Structure formats: C-alpha cells, structure tokens
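Here come two complexes built around subunit A, the first alongside subunit B, the second alongside subunit C.
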Partner chain A sequence: MGVTRRDFLKASAAATAFAAVGASALNPLKAGIAEAADDGIKWDKAPCRYCGVGCSVLVGVKGGKIVATKGDPAGPVNRGLNCVKGYFLSKALYGKDRLTTPLIRKNGKMVPASWDEALDLIASKFKDSIAKNGPNSVAMYGSGQWTVLEGYTAVKLFKGGIGTNNVDPNARLCMASAVGAFMNTFGSDEPMGCYDDLDLGDTYILWGANMAEAHPVLYSRMIDNRLKHPNVKIIDLGTRWTRTSQQADEYIPFKPHGDLAAINAIIHVILRDKLYDQAFIDKNTVFKRGTENAPYGLKDKESFDDVAKPLTFEQYKELMKPLTPEWAEKICGIPAKKLVELAHIYGDKTRKINSLWTMGVNQHVRGTWVNNLLYNLHLLTGKIGRPGENPLSLTGQPSACGTAREVGTFGHRLPADMVVMNPKHREITEKIWGIPAGRISPKPGPHATEMFRAVDRGDIKCIWIQCTNPYQSLPNLNRYRKAGDKPGTYAKKNDAFIVVSDIYPTRSTEMADVILPSASWVEKEGVFGNTERRTQHWFKMVEPPGQAKNDTWQLIELAKRLGHGGLFPYKHFDKEMFEEYRQFTIGTGKDLAPYETYYKVRGLRWPVINGKETRWRYAEGHDPKVTKGVGVEFYKAPNKKASIWFRPYEPPAESPDMEYPLWLCTGRLLEHWHTATMTGRVPELKRAMPEAVIEIHPEDAKKLGIKSRDQVRVSSRRGSIVMTAELNGRGKPEKGSTFVAFFDETKMINELCIDAFCPISKEPDFKKCAIKIQKV
Partner chain B sequence: MRSIIRLLTVLCLSAALVLPLLANADETPVNYAADAAKTGGDPPTVPHRMKEGDTGKSCLACHEKGLNKAPETSHPQRLDCVQCHVQGEIKK
Partner chain C sequence: MPVSGIVLSCLEGKADEVAEKAALLDGIEVHGVLPDSQIIAVVEADTVNGEVALVEQLHEIEGVVSVRLACHYFEDT
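Right, the complex of A and B next:
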C-alpha cells in the first residue's frame, strides 16, 4: 500500500507545474540531494504527530529507525521551531512495551494471535450482531489523530457499506462546539483566518486558552510579533493564572462559566456605545434567536433542537439591554469597568483584534453559544475576514480538522460539510462512492458520550476503537467499567465486544477483547489537516515494528470479510482514494489540490483553486470564490449572510455547594499530549512531568489544612482519587477553583468529571464540576 | 481549420505558462538534509532547579552572555525558554 518513492518521482514532474502556480511554500523535491547526506541520515518532512498546530518537522532516518526530529526551517507554521514534545518525537514510537502482535482475550487473558485469527473473530462478531440486532448494533469510535484516509475508510465502510452512521471521533470531546458555531453562523466549517493573523494583528484576546502550554509554537509566534511591534497587546482572560498569563500584557481572571455573561456584557456595551459597524452589519449579517432553557445532556438519549427565530437588529438590541456590565460582574467576577474597557478595545477602529480560544470555550455546556457570542463580537465590529483580525478556535489534535471535520467522521456528517439527514447530500455521496441509492441511513449516529452510554446499556454490542483512548478521556468514566481483579486495574462491565487498535497498552486496551497493533505516524503514508486549513502530506519512512499494520489496512480487512471489499478497489491506494475523496471538495469552496501536489509543499491551505492556496476565506483578493467589489462575502451562508445569535446566560450543569464546595477544571500541560500514551514513554518528558497534581489556591488549602505536596483525596459525586496537592505551582487557579491535567493514567481525573454536554454540539464540559478535597 | 488554430493557441499558451514555472521551480529545490543542517535538534534539558514564575528574562540573566559557567544561548530572541528546555536531572 502507498506510493513508492519511484512512483512519486515519476508523478512529481507532472505535479510540479501545478504546485508552482500558487504554492507560497513551494518546494519541489529533489530526492537525490536529500539522500546524499554523508552522516547516513536520510531526512524527509512530516507534520508533527501531536497537536492541531501542525508544525512541520524534519524526520531523520538511519538503519530503518527514526533517529532525530527537528523543527523544519521551511515549515511556514513553525519556521524551524518545535515545542519540547516535537523535539523528542523520535522517541515516541520506541517505548519498550510497543504492541507488535494481535492479542485476543481468552479466559480473561490476552493471548497472541495471528492477524487472520483476530480479524476473523472480529468479522464473525460484527456479522452476528448485524444479523441479530441490525447494523446500528455495531459502532466505530475514531480519532482526530486518524489520517485523512483512515477516517475516510471508516466512514465509507460504516456509512456506505454496513449501513450505519455509528461512527464518531474523539474530536467530539474537543472541538465539536467550534463546528456547531461555524455551521450555524457561517454555513461552513473551519476558520476564515489563518496563522498569518498571529503576525499581522496587534491585539490578541485569549478566552480561557493556555496557549503557552497547549499551542506553544503559536504562542511563540505571537510573542515574536510583540517583540517586533511594541504596540501588540496580549490580554489573557482565564479562570487560572498560567504560563500564558505570565507573558501576557494583562491577565483578567473570571469565574468558571463567567465567559457566557462577560461576552454578553461586552456586546451590550458595543451596542450601547455604538461601537458597531452598521454598514458591515447591514450587508453581511442577519439576527437570530435560538431555543433557550436548553438541557444539559445528563439523561440518556436526550434530544434537542435549536430552532432559529429571525430577529431585527432593533429586537436584538432590546434583548441585549438587560445584559449590562453590572449584571455580568456579579456572575463572572470581572469588574464592570473592565468589561466596558474590553468592549472599547473590540470596537477600536485603529486596532486589529483577534479572539483566540480552545477547550475553555469548546468544552462547555453552552459551548456553541459562547462560540456564537465570540463571532458576534467580530461580526458587529466588522473585524472578520480581513488580514490580521479574526476569531480563531485553536484545535487540539493533528487532524481534527483534516479528518474529523473535513472527511466528516461524525455520526451526523458526510464529507465537505454534508450531513446524513439531507437526502441530496446522501445522493451526492452515494454517487461518488458508487453504491446503491438508499444505502446511507438518514438517521444520525450517536455522539461520543451517547455511543458509550449505548455500549453500557447494551444497545451497541460491538465497538471498534482506533487511535484514541476513551477509557481515560471520556467524562464520568466510572459509568463505563468496574474495578479489575488487581488494585489499579479496570474491567468491562458487560459483554459488549470491544476492539482496540493502538500502539501501546492503554486504559482502553485494558477493556479490549481484541487488541490490534497499529502502525503510527511515519510508519505509514498519511495526510493531516491542521487548524488553519493546511493539508500536509508525508511518506512512509520506516517499517512498523513486528506485525503492526496501519489502521486503513485493518479496516479494509474487516470490510473484505463483511463482503464490502468492493468499496476499496484501489491499486495505488493513497493516491486513488484521496482523488476520490477530493471530488467531494471540488467547487464547494473547500477544494483540495491533486494528491501529488502535497508531496512537495509544506502543506497548502484550502480552498486550493487554480493551484493557489487561500489564506483568508470570504475575503476579496484572497478567496477567489468572493464576488468582485464586495470586500467580505460569507458565500457559504444562506443568502450570503452570517448569523448573529442572541444567546443569553444559563447556569452550568453543576456548581459548587456545601457538600462539594470547589470547582474542578481539567486540561493539558506542555510536556504531555492528551492521555500521554506516547509522551509518557519519552524519558525526557516523563522526568520533567512525572505525575498529575491538583493545583489548589493557597487560601482554600489553608482552610483545609493542606500544604504543598500533601496527599489529598479528591471526590466528586461520580468518583474519588488520591493525588498530590500543589500550591503556587506552574498554574495558579483562582480562589474556589482547582485544576488537574488529564494525562496521567494512574490518576484518572475524568472519573470525577460530569458527563454534561452542550445540547447543540454534544461536546462534554470537562472544565466545570463540583468537588471536595480531604487531607489523607 | 479554425478549431486547429484555436487548439494550437491554447497549447502554446499553456506551454508558455508551464515552462517558465518549471524552470522557476528548479531554482529552489527541496533539500531536506540541508534544511536539517540549518537547525538544532534535541534541546538540552535544564540541569538545575527552575523556580516557578521564572521568565525568559530570568534565564537570560546568565544564559545571554554565559555568566556563572552557564552555556551561552544561540537564540536570545526566543523568550519562551521552557517551551523547549524542560526540567532535567539535577546534578548535585
């Protein structure tokens, strides 16, 4: 599988002309030179394996092993820089306990098996379940770390072959709220701006985003901008003082969930003090009100419809009148005066404003609403779709955009923003896939939380998990498993058949009936899509260890055994499949380039039209889909108008009370990535950050008689764990709040998290639940 | 006849467009090995204790000029030092 270097060299001559037309990061490969290095190390390019920033790294291979990785000086995202995780990438795949052979659970023990034995077992379980209980009794849980074609294979097999929409990615836990708001505001997913805005803007307002640790290379790019341009201001709004706050020009603390009130109050002042851009509003926007008193997702199978009612600008202004800075101050704790000041910064016509956010806004029981409100700030002031001033939701995974969103690996989605509920979208998809009309089910599949609830209830009998670790990363974990025989171990709760493909033993392989060893990163060919719409390709550079195989091969082997092998008839697999997938994007404004184009460039930002990438969508002079003479045009939205939504304040799902008096917020830190299955096996990273601790405010600690480094029991209504307390450490939560990073598989803080979610995006709120702490 | 002329015109124009671009493309070949030689690899870990709250400026106090036997940094313009240099083993 995959294109060999010789195939590639032949193809590259043809593709050179294409890339040369517009790729600003143009770099036609001359393989001969790269292979001539005298230290015997062969270098090639790949996007980093970890986060959504999408840094380009140079990978050095010698003797069939990755021996070094470096920040790629020609990489337009990172310009030679990496964060510490990227520098030590070469060690991430070489942990001692790498999975190298399929394993099958027999009498409670995992026993080595052949691929045929493992795949035949999976196929028989799937067939059996489909025959007895229908196609909706099987499911696939995928990943924003899947390559584009891995996600595409899964969607095609499940939606186009098996006939179920039971496919959802871990990206549901990560940026579904951003998706929800992109769709209901602009009619098309993914940002209008790009990372160039980090160099070209002068005001950066961070909403609950610890960029210095979670998106370090982008943070450095912003700091560089400030070093060169002293008028650049970075304002960090957060519930916790972080390394980001340390280097920001201003830190403004707010109470958890206070963003919903604060942004409304800022909008109130923008309207009150006439800081808005009337001409921009008239030409480009409409006003809407959605369904309020929305639920929190705490009941199984809860359904919710956000029904839009049109508003006039006058009606909208009326509705916003009670949401004053004084009202908001009581909820969010930001002084009214400061909120007025922020409104005047957003409204300052001499300032190029960027709003940046990530999980603080997206993992929120009103996440789609907060995204909507942030867009309102930019739409009302007209600071959008222009170089240097845009809102940007920062993504967490390397291909949450490229795979989960663009390919559409969600329960309700199809490629290129299409949905299974729309008969026309199903028809287009069935045509490209060459499958009979009516094969794709119109019923959306369950979102991640509901999918695992369905496994727990016994509605889903077989689930295959690839490239992610849900039994550490889902909220309210204790619902889904029970204690194992030995302390610190876990076991399945019911007889659901669970398959897990991964590269190391994890908390999820612990639940599995079959474990499949996967190839990772440059052990296979692949494509990732990053936060700024940049599609990046890499070649296979080394062989996977032992019998490990890539996830696409695993899925197609199941497809063959289920009689759906005909869906994947490709000879030159990656190229032919990508070209098939690309048909979905052509003419939609999400256009991708021919596959070979990506061989040579350090990625291209879609839409790629006439060979040129697009830096700013909807902007005349940058996006060729925009009508001449109009400036900005939201051409994907109904009537080309973006929606300004009225979204009031509604409380969190759970707040501290007498019994559980403190807030718990979870998140990431610099050294480890997500559940640390890779970074936890890199000695330098493990030594720098060996365990998760609970950060407590010194005054709260004093009341409880807790000193730094004391062992404490942390409990919520859902679980209880013992860990080390830290006072005045790297992060400093505000009084009444605590923080725990979720990477540590020996201290699974997600057992305590509430499984409440945004009713529109279905993204859980990992940032807010009530806990108590006792000294052990 | 007219259609042949039209076809020839199109062909000539496409060639005129593509050829200089090919030539241009050849002037900037990718050389990953050369790119790799331009940049550093694994950033050294920090063999001494770091205080929480230390900033790039605290690091540069010694590392900018190499005071107190500290290695001199090649990149004092990069201010978020701990993004790459993490706590290492502390030598006693």
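Right, the complex of A and C next:
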C-alpha cells in the first residue's frame, strides 16, 4: 500500500510540531515525506485574526482557498506555535452563512440589493440627517479589529470630512481605562515594556487576568521561563479560580472590586517599610491627587473632570497612612499579612517584578484608578523601563492598540496621542489632511455607551457599525433592544437608521436597516498593531466571497457620495495612505517605519528609529529618544516626570444586597472569542461548548437547592435569563460570586450587566453587578 | 478530514504518563516525548471541532500545562 496524501499531511503535521520546538532531529519519520504535503500550497505571513497578542501565522493557499495554517517559526511573539484559537482561523472565513451581498430592509425583511443601491440609500440618510440635524446626528461605531487603515479612513471621513467627532470603537469596552492611565501617568499611550519581559523577569503578578485562557501564548512564555529558571514565580490574584490559577505558584483570591483596596494597602506598606526607591522617585516622578467622589456614569450625558492637584511626597505619604493592610483586608478579603508579603515582593530589590492585567482591571468603575495604582507600585519601587521588570497592560483585540489607540478612533482622540480638544493638535491634523482650518470640531464625540444612549434617545439618527457586535456586547442591552428576543428576530426599538458591516449575521445585523458584506483578514491587505507596540502587515491572499468588499472601500464610497471623496486621493491606496498616517508619528517617540519595511518583517515595535525597533520605551540603550546618561526618562510626560496618583477606595456602582445577593462577573473562554461571531460559526463547535453556563460556588448552590446542570433563572435589576448552572466547571468563582462567558448569542448575559463606567475612561464595568438565582 | 500537529507541555516528570493517556484517545497519535517534558502529537478528527474537542480532552489530562497548535491542514474539509 502506497503513501497517501493523508499520510503526507500527518507526517508534515508532526514534522512542523517537532520543528516548532527545535527538535527536528528527534523526529523519527523519514525526511521528505513531510515536505510533500506542502505541494502546491503557497505560504505567506499574517498576524492572527483573534486576540491582541499578535501571533504570526503562516497561511497556506491552494486553488484560491486557505487550506492550512501554521504557527510562524519566524514570528518572535509565538515562535512557531499558536493557541487553540488557531483552529478557528480555518473556519472564520468559510462559514456557510457568510454574508455575500448587501441587504436592505424593505417592509421588515432584509432583501438583496446592489452596492450602489445600498450606498446611495446610506448616503441619502446621512445627508438628510446632517442637513436637518447637523453633523453630530450621525455616528460611526468601529472596532479594535479594524485594520489600521480602516480606522484611519473612518476618522478622516468623520472628523476631517463630515465634521463630527462621533466615532468611537468597541475598544472603549475593553481597554479605555488602560489608555486613560497611560495618558495621565506617562503622557503617552501604550506600554514601556514588551513580551521579552515574559522571558527575562522572575516574578509575575497577575491582577484578575486569566492569561492561560485569554492570552495562552503569552502565558506559555511565562511558564517556559519558569521551566528554565526555577526561581520564577507566578502569583495569580483573582475573584475566580481558573486554569491560570491551576498553574500559578500561588492563587490569592479577593472580593470583587477589592483590587482598589488591596493595591492601596500594598503601597501603604511600601511607604511604611521604606521599600521605595527614593532616587528614582526624585528623578522621575511627581505626585498628584485627582477628583474624588466621582460619579458612575449611570445618568445620560454625565460629565466629569479629573482635576489634578499637586502633592509632595510627604503629603502623599500622609494620605496613604489610613489605607493599611488591616483596613484593606476587610474590603478585599486578602489577609493583611499576605498584603504585607506582596508589598515586600514588589519592594524586593533582588527580584524582577512584572504586573500583568487586562479586563479585570480595565472593566471597572474605577478602572483608570486601578491602572494608576499599578503604575504607582512600579514607579515607587523603580521597577519600570528596564528589561525584565515592567507593568504590562494586555489587550483583547488584534488592533486595539494599532488602530483604536494609535490612529485615535476614540471620540476625543486624533493620531499619535493627540486629542480634538487641543487647538494645536487639530491644526497639525488639519495640515496633514489638507483640510480647511477649523474643520475638526473641538467637541469630543460620545463614548460608546453614551453613543448608543444617544441613538436610544433619538439624538443620533444614523449610525454605521463596522466589524463589531454592540447589540450583544454593550452592557444593559435591554435599553437598546427588546428584551428576550431570539436570534434573528427584528428587535429594533427606535427609528434610528442603522448600518452594519460584518462577515456573518450577528445580533447586531438583525437590528440593521442595511447590512453590508465585508472582506475579512487575508481577503484584504492590512496592518494590525498588538499589545507590545508591534506593527504587523499582511498582503491580500484570497478573494472575499460573493460581493463582499473591504471596510475602507465601503467608507470611501460613502465619502464620495457625501462630497468628501477628495480626502482619499490615493492611487496605491494602502501604501500612500499609510505613508500619510505615518507623518503623524515621526519625531513623536511613536515613529512608524516606511510601509514597505513591514512587508518582510514579522512586525516591528515602535518607535522605529533609523530602521531599528524599540523593545523598551523610555529606557536608555534601547529607546533613542532618551537623553544619554539618564537611564530611564519619561520624555512624553510633562517635565519628563511620570505621575504617581493618590487614588483612594470608592465602592462599586452596585453591590449584592438582600434582593440580589450574588456578584455576577462576565468574561471569556479559550474556545470562544468575544461574541463568537467567528469562533461560533460551526455547528459542531456548539456541540463541544453548547451554551454559556453560569458558574456558581457549590456552597451558594447548596443554599439555593441547585445541583450542577440544573436550569436556573438569573436576574438582575436590568434583565433576566434562564441558563444552566455549573458547579464543577473549568473556572470556580469564589463564594458569593458567579461567572458567565459572554459569547453566547442565545443567552445574552450583558442584558443583566449594569451600564456603570469609569468616569475618566468611560469604560463600562462588566465584572461587577448584583444578581439573584432561582431554580427553574 | 482535518489534521493538526500539536505540542503538549507537561509538568516536569509527567510527560511519559501524559503521553500514555493521550495515546488512548481516538484521533491522537503521539509522535515523540521530548526530554524537556514536551510531547509531539498529531490530531485527526472528522471536523475541526472534533479536533478542538480532542484538544480539550488533552487539556484535562493531569500534568498537562498547555496544548499549542503548530500547524493545521484542512484542505478536504
């Protein structure tokens, strides 16, 4: 019997895995068999389509279709290996229900239409609304999954053409708090460190981040570091025991919202026991106090100004005196002596400390504050801006950094850390865009929650949603859609004209008046920017299905119909537009390389100066913008000094009570990414992970008479759904807490979430609200 | 049928035990146990989601730290 194609494929699969771990010599199979599997397959590189880690993938194309993917051995992020989400790359583009033609709602039904018909309708609605109600009556809701140039096109059209700042991304829901703290601490967004710190450090303190499931490739790098260096320690602080906790050296549970007290107490001990680095503090920092008793965003149009008052170090120490470990223990549940121990770990001069966090800290009604406090830990101890010891805020989408943050697709931002409120920034932008002075409005556009509240109130008449699924992912969903409606049901609540561009039907397309079929990932050329400032490019490899078109084309077609086509005069679109965008970055310390540089490399971490990437920002010897002889220099901050903020404890927006006695926390699972519009496409997958379940602590379940797999009604003050109880699942919430993943479009847990948000970042708190559970 | 090549990382000293258990799963072929507690295996199933379900089962084996995907062929799916 001869060797079949299947034998070749299996041999190749094994050989690739051996090679990925540098063990090809140990492969017992004959050389040559594996290579035959690649016959006729053309390989090219692209960053992974899913999370913010930015793994490099080799994509194999044969006969115009993707037939294989590999972890890219040349990819410095993932070094030849992908996480389980790599399996879904194959399916993300080829689901049977892919959108392939524009659809327009006629008499309540979506009917196929030509692109011209759909775009003419959109343009007429936008024109009418702008003429009758002004430019702020139209809006764009985008995505951290937009490519850099998709985001840039939207910002240029809306801010530079239409004259409204009504553009905000779904990244507002996931890392706006990180942005807020980077800006008010360092004067510039995005981290000083990079993934190399995962290999070079010896202590990793995780604050509410389930990295083993949400960022598995990075978690594996830390674990690999520990395998090689037994002194490496991983400490997992969280409100739920997870797969991360299982592998950590220590799991320290805390009560929801307890991080705000716990970190303050750790700082208290660092100050009390003089564990700080006085010389570093004197040279590199200033102390500030912000506005306290801040609101929670529960009222529409709520405004808040975080006014900074300067403090001396002595005044700061006095303010921190009452925030003792004993005080914090009562709030967070972490024993006082453990908080003291953590302070001494942070202050241990022999250890290289890294703090890591993501949604647990960011999706928090005091999210910017908690980010500030984490930076305080590193600034007070001087463990920052040095190889192997840094704070690292992780992201969840492939270009939350590259697009939402760097391009500035938020309502208040412009490219390269600039903001619409600053006249100089508007002037720079107007000059690069070649538009009349004064075209850009100085009024920040609404943040995501307020944008959809404005749609609900009727203030925004037309909204275009691209590459995201807000009618599943926003908190307090019942405000925006009818409660309890099933997938596919028309559930719109008002007269707003809604356009949704996507690749599959979602809980948002069912709200749309026009649905536009988009090209995705390698069906178009693109650039993403990941968590560690790495800008990565890929070429178009396959054609999109049917009439699907990329999002930039769609936006520019609207621009032409609104009379703003002149904003996009490019002959070679991607290259010319990127070069225009790159002008914003040059000389700012966020410098990008010429477009063609990215064709070959597996990304470069900005600033890219004289052709070289920068691994550690603000660090002498790594960042050329740092003055020689100074070591670390926060050159983007006022007077080159980072801010250490006093941020006290303030309670959550809603806490369990007699009526709603349990906490609800929402989050992610390894197998399903966000709202699962890509990972949930395949029926078999839904058999493997059929529906979202509510994880309950066994003692809480016993009190309620609930057994594992019972059907239960879960209710908050905002909504109620029936789901399955899970007592012995992969994750185990602490007593008094529950957990539900938000991927399931049939069990939209966000109907129950409170739409309270951080007053500085405007990022909602998806991690804490009060619920009750009843057995059905 | 899709085919994938994977790398299992195991707790120190557990790789042989994990490899034995993994090999019992229908659809998993163990191709090598490496000195650094890593296992090379090939996964095949009728569907991609069958592969994912197998990987999940591997995750549940005591001593498995992570399962990573090196390559995925799905030309005939």
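Here is the rule we use: the second predicted complex is superposed on the first by the 721 of 776 C-alpha atoms of A that agree within 3 Å, B and C clash if a C-alpha of one lies under 4 Å from a C-alpha of the other, contacts with A are read in each partner's own complex, and residues count from 1 in each chain.
The rule is short, and it goes like this: contacts are C-beta pairs under 8 Å (C-beta built on N, C-alpha and C of every residue); 3 or more make two chains touch, one makes a residue touch a chain.
Since we're looking at a predicted model, the values are computed, not measured.
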Partner chain in contact with A:I586 - subunit B first, subunit C second, else both or neither: neither
Partner chain(s) touched by A:V630 [first = subunit B, second = subunit C, both, neither]: neither
Partner chain(s) touched by A:K45 [first = subunit B, second = subunit C, both, neither]: first
Touching partner for A:K62 - first (subunit B), second (subunit C), both, neither: second
First, second, both or neither for A:V111, with subunit B first and subunit C second: neither
Partner chain in contact with A:C83 - subunit B first, subunit C second, else both or neither: both
Partner chain in contact with A:K600 - subunit B first, subunit C second, else both or neither: first
Partner chain in contact with A:N728 - subunit B first, subunit C second, else both or neither: first
Residues of subunit A contacting subunit B in one complex and subunit C in the other: 16-17, 19-21, 26-29, 37, 60, 68-71, 80-84, 87-88, 212, 216-217, 219-220, 223-224, 227, 243, 247, 671, 684-685, 687-688
Subunit B residues within the subunit A interface of the complex: 18, 21-22, 24-26, 28-36, 38-43, 45, 52-53, 55-56, 77-80, 82-89
Touching residues (chain side subunit A, partner subunit B) in the complex: 16-17, 19-21, 26-30, 33-34, 36-37, 41-45, 58, 60, 68-74, 80-84, 87-88, 212, 216-217, 219-220, 223-224, 227, 243, 246-247, 600, 670-671, 684-685, 687-689, 728-730
Subunit C to subunit A touching residues, read off their complex: 1-7, 9, 12, 29, 31-32, 34, 36-38, 40-42, 44, 47-53, 55-56, 59, 65-75, 77
Of subunit A, residues touching subunit C in the complex: 6, 9-10, 12-21, 23, 26-29, 37, 60, 62, 65, 67-71, 80-84, 86-91, 212, 216-217, 219-220, 223-224, 227, 243, 247, 671, 682, 684-685, 687-688
